[in-house]
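Okay, so chain A shows up in both of these, paired with chain B first and chain C after.
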Partner chain A sequence: MKDDNHPHIVNYKEHFGTWIGLMILTVMTVVVSVTNANLQMLTVLTALTIATTKAVLVAYYYMHLKFDQKIYRIMLWVVMGLFVSFMILTIIDYITR
Partner chain B sequence: MATAISTEKNFFEIKKGIASWLFTLDHKRIGLMYFYAIISFFLVGVILGLLMRLELIAPGETIVKPTTYNQIFTLHGVIMIFLFIIPSIPAIFGNFFLPIMLGTDDVAFPRLNLLSWWLYVGGAVFALLTLVVGDGPADTGWTFYAPYSVQTGTNVTLSVLAAFILGFSSILTGLNFIVTIHRLRAPGMTFNKMPLFAWSLYATSWIQLLATPIIGITLLMIVAERVFGIGLFDPSIGGDPILYQHLFWIYSHPAVYIMALPAMGIISELIPSFAKRTIFGYKAIAYSSMAIAFVGYFVWGHHMFTSGMSGTARVIFSILTFIVAIPTAVKVFNWVATLYKGSIDVQTPLLYALAFIFQFLIGGLSGLVLAALAADIHVHDTYFVVGHFHYVMFGGTGFAMFGALHYWFPKIWGRMYNKRTANIGFALLTVGFNFLYFPMMILGLMGMPRRYYDYLPRFTDLNVISTVGSWILAIGLIIMLWNLIRAKKTGEKVGRNPWGSISMEWQTKSPPPLENFDKLPELNEGGPYHYKH
Partner chain C sequence: MGHLVLPNSGHNRDPEANKMGMWLFLFTELLLFGGLFIVYFVYRSMNSDAFLHASYELDVIIGTINTVILITSSMTIAMSITALQKGNKKLAMYLLWATQAFALAFLVNKYFEWGIKIEHGIFPGLDHYNHMPSGEKLFFFLYYFMTGLHALHIIVGGIFIGVVMKKVQKGEVTGERISLLENSGLYWHLVDLIWIYLFPLFYLIH
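Right after this comes the complex of A and B.
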């Protein structure tokens, strides 16, 4: 396997931008919750989408997945895909019962 | 092999004393510690199974009361699933042979490997504690279905914690194997030149790593429900019992492939070794392991066809379940094609492999009956299901494990067993097995439900046949174990390669030295199964 773990320096702008992104998403979660936004069935989906986006941002930028080998990104997406499939298949049962 | 550790002494001789075993970092010793622990629990499970069969030799109460019977079948299930069949082949033979087959000196994380064993022992102690504390072992069945598992006074919490700890052991073993396969293959051994046993362990490890956490969380939810009455699964406090079944089977169906895939890997080693023929469809077998592991994630709902799941979901899960049969059949066709026109050397391990194919086929095809929605409605929770999964788990994985034991015995202990006695043991095991489990499928079709200590008089004859089958099987098992224990002490010493196999593990000494090879292993030209015809 090719070793491309070369050193890299992430500039403050990128770090700060990621933090801003995470804060905005956190505010969105709180707003959806405290304003009792009437999203009905989309409530859970919204919460999960925001949480997943935040997790991906942390993994890509703060955990440096973006700079790692492609195989690790593929592994992450395979696992995410599996999780989403579990959710979809389970929810199909609930909404068609 | 950087350090100059003696290759004159084998891994048994290099250190002595109990502490040298309990705290060893050698993958071979850890594999053998798993072997002794797992085989002990297997025998306990067998005894519980024999007691169940004895209870069922006649209608009405025979030797135990109904509650005791419920506890016996739960303990039998928990021990056989969590302590025997899930860890069996990966933990024993995976640990012992994966590094050797990859041409390396150990797994990637030896300390983590030892921790896995200790966690296994810790989980086992919790499982056994259920026998002696509180109100006795759980009486829920190994599935711990809610809401009964939330309400019963028996030791569900302790049993669930045992399974939780055992899950950690499984996850760590899977993680270790994945990293070992990615990072420690011998130079030149690409993924497509890797032994098929390693491929099967790779697919298994991904399931262990990704699916086991789900059962861990689910089991903790049961504990939370029991202790705090949260209302997750118990409908009387607002929970949904079908949600529990979803979460349980999201892990527990892929777990079936944790049990079956390594067994298929064993068969892929045994067939070319004794047919002395290049394996047919190497890539098809290798990739079908990954396909089974992948598709196996999406079929869990077939365990819930009668539970109240929606019709749409049932149809989807039924179709998905049929798909998983395809890569499984790919393997079977390739094994049979490998045997075709081979120079077949009929030895005990091959007999086990052939029995595996025969019995796994019955188990697999009866699985299709259960995957079909309309048929499943009739046979769900009957003895048909019990017969089906014992054909897959015992007739398949159990027999593959015995085949592996007879195949690698000379490599592990450096001695050969009495082949005639081994064949007698095999014959009795096979006959006993089929007498024990085939009548169960007929009983199921006749309508006999599972998990009852009693039955209608019209089911008596087949139950008697089944119980007699259990005795024949037990005799076969005793003969097999006695033969192997005797051979370990007094068997004829063998050289490096008593079977004439070209796999890498046969290049080293029997038993292997501490760092596995006394000379640099050589990759076989043309792939790991390229026999010169």
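Right after this comes the complex of A and C.
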């Protein structure tokens, strides 16, 4: 139970490393968008994939999810799963009308 | 070394419950913006050409600068938690000031970005807007609504961080009782997370 009083302290280097990762992904997403003007659908998918990678980085490192109890990760993925299923159902509804 | 804390020592603190409560609140925020993202995807699928055309009106450079600003501010507030946990109050305060400065810079950029568009009459009710095809109207309506709601969150986050700074200064928030700072950090990261999706969906969809 010692850990209750001494939570994991994320060091500065780790925060900076996360920042570098986020910057690289930001540059990637801008470059993909500016150079691939014609690949509409693919551009959207790439943009969303990169955005989600960035979101996971922010959630796991900056929001400490990686070091927190498992329950927070489970809750987040359940909520995201719920949201994505709402979204897919709505989109299927519009496509099949 | 404070290993032995009596069950009720007058301080009914529960950092874990604080954090859990904050996360539950953040989930409601995610679903609030999530609903708007679904609206965006549906209207986009119905007006893809108009959305594409309208997105060229947005300035990718300002959008990118704001993305960099928000990501950097996320790093400074995360580092301020580390600093306070290590007992370096002064550094923590500097990092929180930096976070506030980035928040302000973001809003200033947003102000100019909106200002230029409104000057050109692109705002619901203005002349140029009223003569646009309906798909482009939808794009700009969603743009103003979603980035506006996001900017409101930036303002609220700035106030929240300001309150926490005051408490850090007074010694009410310390390395031992850091919940409030951690929660303001979580809120700030959420604001960053939402921008991470807003940016490509509005600025980069061409």
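One rule holds for everything that comes next: the second predicted complex is superposed on the first by the 75 of 97 C-alpha atoms of A that agree within 3 Å, B and C clash if a C-alpha of one lies under 4 Å from a C-alpha of the other, contacts with A are read in each partner's own complex, and residues count from 1 in each chain.
The criterion applied here is as follows: a contact is a pair of C-beta atoms (placed from the backbone, for glycine too) under 8 Å apart; a residue touches a chain by one contact, two chains touch by 3 or more.
Not measured: the values here are computed from a predicted model.
Using the contact criterion defined above for the overlaid structures, shared-chain residue A:I24 touches neither chain B nor chain C, since it reaches no partner.
Looking at the shared chain after the overlay, A:A55 reaches chain C, while chain B stays out of its contact range.
Contact comparison for chain A: of chain B and chain C, C touches the greater number of residues. Residue contacts after overlaying the shared chain place A:L42 against neither chain B nor chain C. By the touch criterion defined above, A:S33 lies against chain C but remains apart from chain B after alignment on the C-alpha atoms of chain A.
By the touch criterion defined above, A:S85 lies against chain B but remains apart from chain C after alignment on the C-alpha atoms of chain A.
When the two structures are aligned on the shared chain, A:I74 is found in touch with neither chain B nor chain C. By the document's definition of touching, of the two partners only chain C reaches A:I9; chain B does not. Chain A residues 79, 86, 90, 94 lie at the interface with chain B in one structure and with chain C in the other. On the chain A side of its complex with chain B, the touching residues are 1, 79, 82, 85-86, 89-90, 92-94, 96-97. Across the complex, chain B meets chain A through its residues 182-183, 210, 214, 242-243, 246, 250, 297-298, 301, 308-313, 316-317. Against chain A, the residues of chain C that register as touching in their complex are 2-3, 16, 19-20, 23, 27, 30-31, 34, 37-38, 41-42, 45-46, 48, 52, 60, 64, 67-68, 71-72, 74-75, 78-79, 81-82, 85-86, 182, 185-186, 189, 192-193, 196-197, 199-201, 203-206.
Looking at the complex, you find that chain A touches chain C at residues 5, 7, 9-12, 15-16, 18-19, 22-23, 26, 29-30, 32-34, 37, 40, 43-44, 47-48, 50-51, 54-55, 58-59, 61-64, 68-69, 72, 75-76, 79-80, 83, 86-87, 90-91, 94-95.
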